[in-house]
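Presented sequentially are two complexes of subunit A, the first with subunit B as partner and the second with subunit C.
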Partner chain A sequence: MGNNVLIFAEQMGGKFRSVAYEAICQGKKMAQGLGGKAIAVVIGSGVEAVAKDLGQYGADKVIVVDNAKLKDFTVDAYGKAFSEVVSKNDPAVVLLAATFQGKDLGGYASAALGAPLSSDCTEWASQDGGIQVKRPIYAGKAYVTVKFNSQPAVISLRPKVFSPDAPDASKSAEVEKIDLALSDDDFRSVVKEILAKTAGKIDVTEADIIVSGGRGLKGPEGFAVLEELAGLLGAAVGASRTVVDEGWRPHSDQIGQTGKVVSPKLYIACGISGAIQHLAGMRTSKCIVAINKDPEAPIFSTADYGIVGDLFKVVPALTAEIKKAIG
Partner chain B sequence: MLPIAGKIFLLVLIGITAYFFTKRAQYLISLLKLGKPEDRSDNPGERWRFTLGQVLTQTCALKNVTRKDLSGIGHMLLFYGFSFFVVSYGFHIAEGLYEKLNPSLLGSLFNNGFFFMLDLAGLVVLVSVIWAAIRRYLVRPERLEPSLEAGVILLVVFSLMLLNFLVEGSRLLAEEKPFADWAFMGSAFAQGIANMGLQSHAHTLFYCFWYVHMMVIFGFGIYILYSKHLHILAAHPNLYFHSSRPKGTLQPIKDFESAESFGVSKVTDFSWKQLLDLYACTECGQCSANCPANISGKPLKPKDVIINLKHNLFENGQNLLRKKEGEEEPLIVGSVVTHDEIWDCTNCMACMEVCPVAIEHVDKLDDMRRYLVLMESNFPAEVQTVFRNMENNSNPWGIGMATRADWAKDLGIKILSEAPGEFDILYYVGCAGSFDDRYKKVARAMVKIMQAAGINFAILGTDEKCCGDSARRIGNEYLFQTMAQENIEIFKNYNVKKVLATCPHGYNVLKKEYPQFGAKFEVMHHTELILDLIKNGRIKLKGELAKTITLHDSCFLGRYNDIYEPPRQILNSIPQANLVEMERIERTSFCCGAGGGRMWMEELRGKKINEVRTEEALTKNPDLIATACPFCLTMFEDGLKAKNADDKVKVLDIAEFVANHL
Partner chain C sequence: MNIVVCVKRVPDTETKIKIGGEGTKIDPAGVEFIISPFDEFAVEEAIRIKEKLGKGEITILSLGPAEAQTIMRKAYAMGADKGTHLNDATECQDTLAEAQALAAALKGMQFDLLLFGKQAVDYDNGAVGVQVAKLLNLPVVTRIIKLDVADGKATVERESDMGKEIVEVKLPAAFTAEKGLNEPRYPKLMDIMKAKKKPLEEKPAQLDAPKLSIVKMDYPPARPPGKIVGEGEEAVPALVNLLKNEAKAL
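Moving on to the complex of A and B:
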């Protein structure tokens, strides 16, 4: 029986996603509790060079499966590679992020190895020499605590619940490269093309900060002031339904009942009155700032901070202050 | 009158017609039998009354007569005129077989009167046919299509009238003793024939005309069954088998546990009555002419849905009848009726309201939605959020259910979930009143009115749940029934006898659809209650409102529940209020675009329905637009914003008008 924790470090195009660091930091902590090691697994093409950096986040060892055929994620090939690594290492815990890749791989590995699986976990604890996790059920109405009766326990962590520790540049990890024979049969599906949503633009559902505009912007050109603020904050630009209906912004930016439902850390609503059809799409944001010239606008009853004023004066002033603050 | 050979010819003609008629009729009936069983036999007395009332008084056609569209009068003239002719054909045939069987058998006065009426009827029919031809080929309203079929029918009816006069005319010349004295058209034609110098050939002419006339009559009899004029025969049974469910209710799915498929995806998933609808269609196009989806340029045209289904049934009929057990049947969803058509419908019921022959368009579209939702999970993506929100938090926006009664804090209302107590009326607030900041103002206005009137009312508080109307109309019958049953239990627990609803959707579903699941309570809409309070003097409206107001009829209040007068009377009780009506009001009111679950879907095709309606309202230059429905309120506010008129024109609910003038 092993006591190591094996962590799938998710990457895309040779860059680790933040969920990879989140998983490794938690994996390291689990491994300490179990008295084992944190072993990160990197699968992809041309990923060997970046693999050792994972040591800075707490990985004791990094196993790399580097193969030109593994450039893009497909569940057959990645699943086969990952399951082989898992069965060779016999860990106590297999850790992934509950992303599209992680959910896919977790399920594959669980089935391939006959291992218990608990997905989308939001808490974990060391208990009786093992790991126990908590995960939401019934769409978040209740939580269950899950104990595992056999090894390895396959666990996926809900993204953004755990924050990664700051990297420690003094640390590095030993890198082990594994060669894996892959036949064409391992590629029942092939990635032909990845269509990036408008290059360089942050998708509203993934953004931590959203600057959103409504009819108060008066026209498509009005969004320039929001774009500037958003660029500074690394934020996505969202829009209300009326704005999209008018054709000022693309439908992919629409936030609300019939558009995207978002829950960023900060939502800045500019010139949006806040009808319920819009609130339904953003009211769970952690902090809502409303800028509107109408003090009666319903958005103010939902906002944490409200500014009554002309957004064309307020937003540029805000942008200027932030510029000053970040130098 | 006829030589023996002629009589044999007539008998052969009768035989051939009877053969084709029976064969076609049997085929049509066998196609109906492919449909699912449905009991439409209840209350025969009412069914006869309804059918005869619609047909004999021509209410079916006359109900759609407006100043701009008089075609219903044309239909009435054709109907009465031609009906008289059908009787006369009986006499013609009888006389042909045995000459003593003619109208003079009933006395000469009857005989003369009969032929006078017949000639008059013929004249009326001729005029109506010419009128109809002009409307189809010269000044055609959009709803009509100048089809070849329509042309053939008009030509045949025209020639039938002409032949009748020619038969009469030549007969008057040929026989020594005139068969009738008052056949004025016959006399005129006799004069005409004589003037052409054909008097000596009168006998030959008479026989020629007589045989041709008979052949056209019998040919027409057969043609009816093969053409859109099938409605002449199918409309009557279709009216007889009209839905006896309360108006504006959908049929519940009863066998959730055992059924293997839900909704309609194939022709044979329809009930036989839904198929009879297809035969009955007259292709008059009133449905499409009143459909908000069609008018706003969307793919859905209710007439086309019915006609395409009919053509499909006829094209595939033989195959369907020959189909063996277990063989696949072609889908109609996605091909004959497209997904866009199915999702475009706002369930506003304008099509069914104007349909002269009781076709049930909305039921068909909603049945196909049921298939898409329950069998294929195939629906507009944004609807998924609505279903989930209804399931998790019992409101379409997904706002925490624990906050449902927050709007009522500090209003001094009995909240049953906090402290059960005695009450006369339960105010069912609904999701909009509970969660939408704008519509909360309407809920508060209603509270103010009831408190002013001293009504002992209560709200359920956090025990109140979503009514489920949108779920049902979108096709998620399973979710709807779960919600309905839960609500009924809650109402029972609190011993609710009388319910007040401000939302017409909640009102309709609670009042007319919940009884399908055992609900027993009285339901009223706030416009009904307020009008009562005004009439009984329990509230008095003070102050003046020197403004121009236009009123929008909500479909679920108006067409679904015939509540047209209360909102108007309430507005007229406000001193100085100037109510100006739009063109499309009451039974032909134009939907706001949010019914049938459309509130929760993107409107991707055509113009926005709410903007079309807002434009119509704005032509009246109102200061205020009055509504009595939270969906309509939202749609108008959005419409006014889109038209940049939201600074000038405000939208208020009837309850707000009243609360402002207490």
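Moving on to the complex of A and C:
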């Protein structure tokens, strides 16, 4: 039985994403508890040069699969490469970030290795020589504590929950480059085109501040007042399910049980009544502000601060006041 | 074109979750159960493909308790042709064991497309589609928002960390549906009546012993009570002051 922790270090265009550092720092702590090593895995094309930097975040060793065919992420090819590395290393824990890539790869590795899986974990602890995790279910309406009865356990960590430690420039990691035989079968799915995000648009899951709108906005043009406040704060604009179902805002902006689950530092809910499926998606925000003309709206019971009033008057006043306050 | 859609019975998203007596499962009393919304997008997409091509057969596969047949009939009313219910009275909480049972049942089926929702909105692991595809050695594309099928291949649009991607994949293949793929239809009364007569096979789910256990289920920590700062735009300066100096959120 292995006692190492194998960590998928997610990169995009040859640069590590912050979730990679989050995972490595937690992976190092898990490995210390298990008496093993933290081994990072980097997969991609042209990624060998950056791999050694992961030592500064706690990786004892970095395994690199660098192959021109792996330029674009597909579950099939990355999954094959990742699970081969995992099975050669017999770890106690396989750790990923619960991003789109991480969730897909975790599922693939779990099936390939016959290993139990828990996605989107928000806490973990060493328990009886293994790792126990806590994770939200029903979009956060409840949490479960999970223990694994078999090794390895495949665990993905919810992004932005764990802060990475500052890098220690004095540390470095041994880098092992490995070649894997990839067959045509691993490339049955091919990325033909990437349509990049709108420049400057911040994804709701990555934003520190979200200004979110609901039915109270009355129509797509109503969002202009939210866009203005969001622009000032460097915030993302979110939306309730009703608004998305009406076609006022894109699906990718929806917050709630059938949209995205977010936990920004500040969430400003404007004209959102607070349906239970919406609250599930944003209740872990650090500070919640509600602006709604209905004093009985359920959103007020979840908010830290509320203003009862017409959002079309309150939000522009808020934009003006914040402009004054932050100069 | 034959399409299999895997669907799961889950509590309605408007449900307030109550933890049951034993503390590791929810209390189902008074809960309304639905097809997991992302699975419903997958069912709708299968029907649209069949309507477009004018031929093919849509099979529903669902693992769950006896009551899962109710949501299977809902998929039938939308337009699916037949289905298999993998009966699990144990309320399996291990996604890998569920994926293995689904894969075992799928091994005997012929299909070109295998569709899932991107996640079931109960345990939210978002893994079963990928797990089943891997177990069956099928290519898989996740979180699709557009699906076109022609000449033995599918062209899909999907959400990724980069933005959006166009992916091409050879069939047979598996896909998981994201919101935005389509707008599911409401079945007509006549179709609901017809759905009752469509074939539904029941088999026990071949579930291995789970490789993980739920130690306990908890409610999320309660939020501290909030306050109404005031009414209208007159309350804005006080709010900004609180955000800046009390919450330190600005």
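Here is the rule we go by: the second predicted complex is superposed on the first by the 202 of 327 C-alpha atoms of A that agree within 3 Å, B and C clash if a C-alpha of one lies under 4 Å from a C-alpha of the other, contacts with A are read in each partner's own complex, and residues count from 1 in each chain.
Quick note on the criterion: a contact is a pair of C-beta atoms (placed from the backbone, for glycine too) under 8 Å apart; a residue touches a chain by one contact, two chains touch by 3 or more.
Since the structure is predicted, the reported quantities are computational estimates derived from the model, not experimental observations.
> On the superposed three-chain arrangement, identify whether subunit B or subunit C touches more subunit A residues.
Of subunit B and subunit C, more residues of subunit A lie in contact with C.
> If we overlay the two complexes on their shared chain A, which of subunit B and subunit C does A:Lys218 touch? Say first, second, both or neither.
neither
> Counting only touches as set out at the top, which of subunit B and subunit C does A:Gln277 meet: first, second, both, neither?
both
> State whether A:Lys160 touches subunit B only (first), subunit C only (second), both chains, or neither.
Neither partner.
> Looking at the overlay, does A:Pro298 come into contact with subunit B only (first), subunit C only (second), both, or neither?
A:Pro298 contacts subunit B only, not subunit C.
> Which holds for A:Lys141: it touches subunit B only (first), subunit C only (second), both, or neither?
Once the two structures are laid over each other on A, A:Lys141 reaches both partners.
> Just to be sure I read the superposition right, which of the two partners does A:Thr242 touch: subunit B = first, subunit C = second, or both, or neither?
Once the two structures are laid over each other on A, A:Thr242 reaches subunit B alone.
> If we overlay the two complexes on their shared chain A, which of subunit B and subunit C does A:Gly259 touch? Say first, second, both or neither.
After superposition on chain A, A:Gly259 lies in contact with both partners, subunit B and subunit C.
> Should A:Met12 be classified as contacting the first partner (subunit B), the second (subunit C), both, or neither?
After superposition on chain A, A:Met12 lies in contact with subunit C alone.
> Which residues of subunit A are in contact with subunit B in one complex and with subunit C in the other?
138-139, 141, 251, 257-259, 275-277, 280, 283, 301
> Which residues of subunit C touch subunit A in their complex?
So the residues of subunit C touching subunit A come out as 11, 13-17, 19, 24, 26, 37-38, 93-96, 99, 121-135, 137, 139-143, 145, 155, 159-170, 173, 178-180, 209-220, 223-224, 226-233, 235-237, 239-240, 242-244, 247, 249-250.
> Given the complex with subunit A, which residues does subunit B contribute to the contact?
Within the complex, subunit B touches subunit A at residues 382, 385-386, 388-389, 391-392, 396-399, 432, 435-438, 600-602, 608, 634, 637-638, 641-642.
> Note which residues of subunit A are touching subunit B in the complex, please.
Residues in contact with subunit B: 138-139, 141, 215, 241-242, 245-246, 251, 257-259, 261, 274-277, 279-280, 283, 298, 301.
> List the residues on subunit A that touch subunit C in their complex, please.
Of all residues in subunit A, those touching subunit C are 12, 17, 72-76, 79, 99-101, 103-104, 106-108, 110-112, 114-120, 132, 136-150, 153, 185, 188-197, 209, 233, 244, 250-252, 254, 256-259, 265-266, 275-277, 280, 283-284, 286-290, 295, 300-310, 313-314, 317-318, 321-322, 325-326.
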